[in-house]
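These notes concern the structure reproduced below.
When the chains are written out, they are named A, B and C in that same order, and each has its own residue count from 1.
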Amino acid sequence: MNVVLITIISLGVLGTLAAIILYFVAQKFKVFEDPRIDQVEEVLPAANCGGCGFPGCRAFAEAMVKSDDISDLNCPVGGAETMSAAAGILGKEVAAAAPTVAVVRCNGTCDNRPKVTNYDGATSCTIASSLYGGDTGCSDGCYGLGECVDACNFDAMYMDEKTGLPVIIEDNCVSCGACVDACPKDIIELRKKGPKSRRIFVSCVNKDKGAPAKKACSVACISCKKCQKACPFEAITIENNLAYIHDDKCKLCRKCVSECPTNAIHELNFPPKKPKVEKVVPENAE
Amino acid sequence: MLKTFSLGGVHPAENKFSAGKKIETLPVPEQVSVPIAQHIGAPSEPVVKKGDEVKVGQLIAKSTGFVSTNIHSPVSGKVFKVDDILDASGYKRKAIIIKVEGDEWDENINRNADLVTDITLSKEEIVKKVGEAGIVGLGGATFPAHVKLSVPPGKTCDVLILNAVECEPYLTSDHQLMMEKGEEIMVGTQILMKALDVTKAIIGIENNKKDAIDHMSNLAQKYDGITIEALKVQYPQGGEKQLIDACIQRQIPSGKLPIEVGAVVQNVGTTYAVYEAVQKNKPLFERIVTVTGKSVSKPSNFLTRVGTPVSALINAAGGLPEDTGKVIGGGPMMGKALSSIEVPVTKGSSGILIMPDKIAKRGTMEPCIRCSKCVSVCPMGLSPYLLMTVSDKAIWDRAEEEKIMDCIECGSCSYTCPASRPLLDYIRLGKGKVGNIMRSRNK
Amino acid sequence: MNTLTVSPSPHVHSGDSVKKNMYGVIIALLPALAASVYYFGLGALIVTMAAVISCVFFEWAIQKYLLKTNPTVLDGSAALTGLLLAFNMPTNLPIWIIIIGSLVAIGIGKMSFGGLGNNIFNPALVGRVFLLISFPVQMTLWPKPSENMTNYLDATTGATPLSVMKEGLANGESVSSLMAKIPSLSELFFGNLGGSAGEVAAVALLIGLVYMLIRKIITWHIPVSIIATVAVFSGILNLASPEQFAGPLFHILTGGLMLGAIFMATDYVSSPMANKGMIIFGIGIGVITVVIRVFGAYPEGVSFAILIMNGFVPLIDKYVKPKRFGEVVKTAGKK
């Protein structure tokens, strides 16, 4: 009996002492942290993807609390909803950023872009790109080794085995930009999602002149400028033998799409056109 | 016991099919494409334009800095255009394309084949001449030769080492050059010794070239201060650091140049080019290229003008064999696989190796079994298995800690790996990334 | 024209492969297997076959049905584990125990870490030690050599030299009187002693070592450092008190030391990468082995020693790096 009593008492005293010491130490070394950081972090998606440019959601929350003007901060994963919720907590104004989505700007499938060499190195686009221009005549196009798919944390990409190109699953894409960074060829771009997910873009990044580009790939942009002339909104520029549609100017009129002689301009999620010209748009997103 | 370097090394099958084949002069092609970036350092600046008439040996692109070099026309004719062409890697690079008309040489070049032994130029004049003649390291690294000859202030050089190791399997261009132009190389060595102000020169030759060792040893008796060092056959003995270690047992510290241990290394081919530039006033526009391979019908050593398409060389050696899988510019260990045979020969092309499909294919990658063979063959004492892992996982600070930048990319690790892992592919990736990080930190 | 293949350098390969190395070790084990059959007869064959077949089966089954990957049993690593496991078991062990041991060796020792190349501990030893602890009676009944050519489970059993020594010393007998009770040193060398299937003939194991060194499958560092450490450590103890501690030759030739030093500790996956690290690893095994044998409760400690040092390998690899080029700096001789 005695032993039990002594044990209980001594342990109790030790515990109380430790509690007191811990209390004072905690008081002494207390770090003040704005409670709003926790609140903001609460509404963030907690994906820690880095798509906002900060290392993780907590860093983004801190930045939101600290900076006065948060109009240039954006959580692409959470989108407008999350941002307005977070801004509501802080009582700050937030500019509604248009949602964006990743698009793959290369349509160099095995059929469109014949192979001229075999690649036999490590399965990594970065290694392949530091070695050579690629196994086709196009030195700007996709290697098809899937580094972007490995980089995606949201299961929003897969490699299409038939075409050898990455495909973006639009519904899963949070536009964090991990694939954009992973691609050594800058093929993937974040573009405005557009109303009803309707988008038009040039699915080519080849900077060769028309003839060699066409020779390397049947769906390459040959910089013929027809689309530029067709565009009523001056949304298309041509630089380095390559057309580019600026998504802030494009009004989705689809005039350029039918102009393009190589089918390099893609339209996504539009209702099918009245059958005028039968156009085979190779399969893309979704 | 023959000398060799102290750490690691492998001994791949030598396959020197073209050994002993006399140097043949390849006919001048109809058109040459001379890239303006054939060396390490800043690309040269073209000084000719479309339609200009050029002679053999005329300056067509000039050096744009200290670590850069001049480029001379390898042919006579008319500049067709200055435009982008596809280089060996399938990327576009600027080149000067010349349509050949006749073969008219610049009148200042002494085309007499007699040996000129008297060195009339002074030390400074030699370095200047080497720089003007556009000479780069012909072993394959293509580092401008005049830079190596300019010893930085505060450093001393006490020995010149000539790299005649030719440790790459298959290649024989240096070997054949020594057999046919031994005297000229000796005079070239004397010129380099004068430029560096040293009294000692060592020519390192691997023991699989016994005839060259005998021949050079006989010649060396006539010249002061030149000794021949027969070395054990071991790859990568031709690496600058390994060669210095093998010849004079000095190890260059991590991240330093050979001058740190008082040595300067030049390739024998470079030495011959120096002889021609200084004694004959002939700039560098042609070189000896080995064309070889298991199925090549006529393995040969060709004296080739820079800018000649690789296909012309292959045709001269009996054409592209039926079973071709890979065409490599350089040797099998460090050479670069060409994506097209229409690319031009450059100053750094020591050989064209044609490999059959069967050998060219890599094995299937298996998991690392930690056999430590890559560690034991690494001539730099690194841990390739670890460097591959950290590069794959993008742990760059750890890669730097593990001295990834010391890697000389000799390929001994990938060559040895029983699991056929692409160790060097990943290490090269890591080197690029870590190098960028280090440079941006120093800014 | 064919399409050209493009890959980064190097463009040639030594032709070495995982398979060649694994089968190389198996070939190196054949002399020992022959010696085992010579001394233990039928039992050795049954135990070896059972262990090899069950290890290969478990690896195949786990890869195919649990991990759903392509089975890679043909690379020889599972067969090697089975062979080594068999060499660490007495030749009268019932087959059901062998199957349990194989399942532990492959399932827990190897596949649970991620398969070939990822296991921290030597799988065969994991299996062996599991059995030793779970079935102490069956695992320490050693058939007498040369007497049981056709017997398997009914073999006559006897003590191993190590257990004779351990018990004798505990009972206060002197080393010299105990040495008289065990086979002579030359008999030990040629294998006439009780013990596990592969622990018999030192000479057969040494032939295997020479073969592996010539084929460059392993380097000398680990076996030499283990044997040298055991020799030195037990030698010192023996010199200090010859009647209390047995001599170095006794320690080297008995038990699983040779087998452990040559085949178990040199397992690629669970040994260090750098030569210096291998020597530290070997010294550690040697010291722990002698400590367990002389001061511990078990008569034999090689398996435990190797497993303990396996645990230190990541640490050794982190801190012991290979000798790097350019560490010893010689500067230019001044003119």
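To be clear about the criterion, a residue touches a chain if its C-beta (ideal position, glycine included) is under 8 Å from a C-beta of that chain, and two chains touch if they have at least 3 such contacts.
Keep in mind that what you see is a predicted model, and the values were worked out from it rather than measured.
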| item | value |
| --- | --- |
| Top chain pair, ranked by number of contacting C-beta pairs | B-C |
| Chain nearest the global centroid, as defined over all protein CA atoms shown | B |
| Mean-CA-position distance for chain C and chain A (Å) | 53 |
| Gap in Å, rounded to a whole number, between the CA centres of chain C and chain B | 48 |
| Distance between chain centroids, defined by C-alpha means - chain A, chain B (Å) | 43 |
| Chain A: positions in contact with at least two other chains | 116-117, 120-122, 127, 131-132 |
| Sites on chain B at which at least two other chains make contact | 337, 339-340, 360-362, 422, 425, 428 |
| Two or more partner chains touched - positions in chain C | 4-8 |
| Contact footprint of chain B on chain C as seen in their complex | 1-2, 4-14, 16-18, 20-21, 72, 75, 77, 115-118, 219, 268-269, 271-275, 278, 317, 321-335 |
| Touching residues (chain side chain B, partner chain A) in the complex | 86, 88-92, 337, 339-340, 360-362, 422, 425-426, 428-429, 432 |
| Parts of chain B lying in touch with chain C, wherever the complex brings them together | 6-7, 10, 12-13, 156-158, 169, 199, 241, 245, 249-254, 256, 260-263, 320, 323-328, 330, 332-341, 353, 355, 357, 359-363, 366-373, 375-376, 378-383, 385-386, 402-403, 406, 409, 411-412, 414-420, 422, 424-425, 428 |
| Chain B partner contacts - residues on chain A that touch it in the complex | 116-117, 120-122, 124, 126-127, 130-134, 139, 208 |
| Residues of chain C touching chain A in the complex | 3-8 |
